[in-house]
Amino acid sequence: MGFSAEFQKGIFKDNPTFRLVLGICPTLAVTTSIKNGIGMGLATTFVLLGSNIFISLLRNFIPDKIRIPAFIVIISTFVTLIDLLMAAYVTELHEALGIFIPLIVVNCIIMGRAEAYASRSPVLLSIADALGMGIGFTLSLSLISFIRELLGSGTVLGYNVLTSFYEPAVIMILPPGAFLTMGLLLGLFNYISRRKP
Amino acid sequence: MENLFVIFITVFLVNNFVLAKFLGLCPFLGVSRNLKSASCMGLAVVFVMTIASFVTWCVNEYVLVAYDVAYLKTIVFILVIATLVQFVELFISKVSPTLQRVLGIYLPLITTNCAVLGVCILNVQEGFNLPETIVHGFAAGLGFTLAICMMAGIRERLEFAKVPVAMQGFPISLIVGSLMALSFFGFQGFFAN
Amino acid sequence: MGELLKLSVILTIICSCAAFSLGYAYKHTKDPIAEQQRLKKVRALKEVFSGYDIPSDLPSAELIVGKDKDGEEIKRHFFLIEKNEDVLGIAFELYPKGYGGDIQLLTGVTAKGNIAGVKVIRHAETPGLGANITSEEFSGQFKGLNLDKTVWRVKKNGGDIDQVTGATISSSAVMNAVHDGLKFVIEHQSEIESQKNEQ
């Protein structure tokens, strides 16, 4: 598979959120606003890129028996890096995402790609995979947070869009709304993919 | 003592780890098809969460903070948890084969359960002392078990319902989760004067 | 044995590289992070004491404000805003218990004994209800209030304080905390001023 095919895979066919159903915890937790959703998506993409690159580079150096601890160390290093960088330069976003930044380390997407792909593929393709999955994840988060922010706060990216005639359904930015949005979207995407031959 | 009780109820019901904090969702959706596997997973989680809370708190207190390397918390905690789970597996296989049959397959899955790493980080963030940490970890695990068992009970009944094909599996479970989260919302304000 | 050694060595190498790179990153982000925290505090103080000149380093005094449930003393910092040795105002943090958890407030008292302002720093109140304590409508109403001329009760109970609709508990928590804080500062004003030290 070429670079662009690998890349596209992560966005549609193997979208981590709606097809592989991975990384649900941060998906439901941070999608209360589009800004947070995109921020989390980009942070996760950073970690994905870093870990995929290094794990692919070291794939012949790391013995099979210790691959899991080695992966954990590499992934958590990048997570700590992005954590420190965000705390220093985008403090507000860092505070909004809170505990879910260090929790990127147990995001199944990252460990999953490391194990299933980066550890057995050349660097360039691993980069394509990381970018595809990361951007696919970011797009999914953006979609969910667009819906939740619009219906739950009446705003888009903080700008009041649905003026005063719409009373925001606050529940959309609360846990029940998260589960509901995700469940309905997942059902919708299932339906669409079954329709296609 | 009263404080410990407050922590327990707050984490168990009011701020339920799964339904309010969004931690532990992967097993919540993945291992809740029947009550038996749900309760086994829950038991394993309680076990690991309580011990992990204790161990990571000590590591943080006596190693990370003492040597001013608190930024290594994420790496150290996840490695400690992964190692802990290995040890627990070994220990259980030697001590109680029955327990091993019951918990065996669920233990490795717990390493990537964000609820475990989550509770360890929260213990430190909230500034709990050791007894508070242990209660917090234990209660979080019980809260998880409560949620996953409730979900399993409902899903067992859903097997007999006419769910549209597109909604079968995860989608309908998420909708159920939404209703559960809504009902648990009623616990808010439990301790307001 | 040889294999165990090899595995350990490789793992050690990976961990050391990780540790080194993180130590390096930490060293370089430590100051920006501390700066952000400090800026946050200054920004909050500027909102509470709007129009005042807030320097980057404020002298502060630490006083015991009471005892908590376990009988331990609760200490709080009181920040003094001065100009030419005159104390213009005192800023301090409050941590009342709200509906969903602790609320963190930053309040200031002017030299005349009025509230300079109230800012909600952190809270766990219900969005759409108790969370509206952060609105200008609610938190802004405390500006200029003082001990004698204000009736410190919610309007529902015949007082002067406008509560957030549907969130009496959150509103009362903030109101009572601000009231107690104001009382404390006025009572202990001389003690705070004499205890101040350069940070």
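Letters A, B and C mark the chains in the order given here, with residues in each chain numbered from 1 onward.
The rule is short, and it goes like this: contacts are C-beta pairs under 8 Å (C-beta built on N, C-alpha and C of every residue); 3 or more make two chains touch, one makes a residue touch a chain.
None of these values were measured; they are calculated from a predicted model.
*Asks:* Select the chain at the greatest separation from chain A, using centres from the mean of Cα atoms.
*Replies:* Farthest by centroid: C.
*Asks:* Where are there more C-beta contacts: A-C or B-C?
*Replies:* It is A-C, judged by the count of C-beta pairs in contact.
*Asks:* Between chain A and chain B, what distance separates the C-alpha centroids? Give it in angstrom.
*Replies:* 22
*Asks:* Return the distance between the CA-based centres of chain B and chain C, expressed in whole Å.
*Replies:* That pair's centroid distance is 32 Å.
*Asks:* Pull out every residue in chain C that's touching 2 or more other chains.
*Replies:* Residue numbers touching two or more other chains: 18, 22, 26.
*Asks:* Where in chain A do residues touch two or more of the other chains?
*Replies:* 69, 73, 76-77, 80, 84, 174
*Asks:* Using the touch rule from the top of the page, what residues of chain B touch 2 or more other chains?
*Replies:* Within chain B, the residues that touch at least two other chains are 71-72, 75.
*Asks:* Flag every residue of chain A that touches chain C in the complex, lowest number first.
*Replies:* Interface residues on chain A, with respect to chain C: 58, 61-63, 65-66, 69-70, 73-74, 76-77, 80-81, 84-85, 87-89, 91, 168, 170, 173-174.
*Asks:* Mind pulling up the chain C residues that touch chain B in the complex?
*Replies:* 18-19, 22-23, 26, 69-70, 97-100, 126, 169
*Asks:* For the complex, give me every residue of chain B touching chain A.
*Replies:* That would be residues 19-26, 29, 71-75, 78-79, 82, 111-114, 117-118, 121-122, 125, 164-167, 170-175, 177-179, 181-182, 185 of chain B.
*Asks:* Residues of chain B touching chain C in their complex?
*Replies:* 2-3, 69, 71-72, 75, 188-189, 191-193
*Asks:* Quick check: in the complex, which residue numbers of chain C touch chain A?
*Replies:* 6-7, 10-11, 14-15, 18, 21-22, 25-26, 29, 32-33, 36, 40, 127-128
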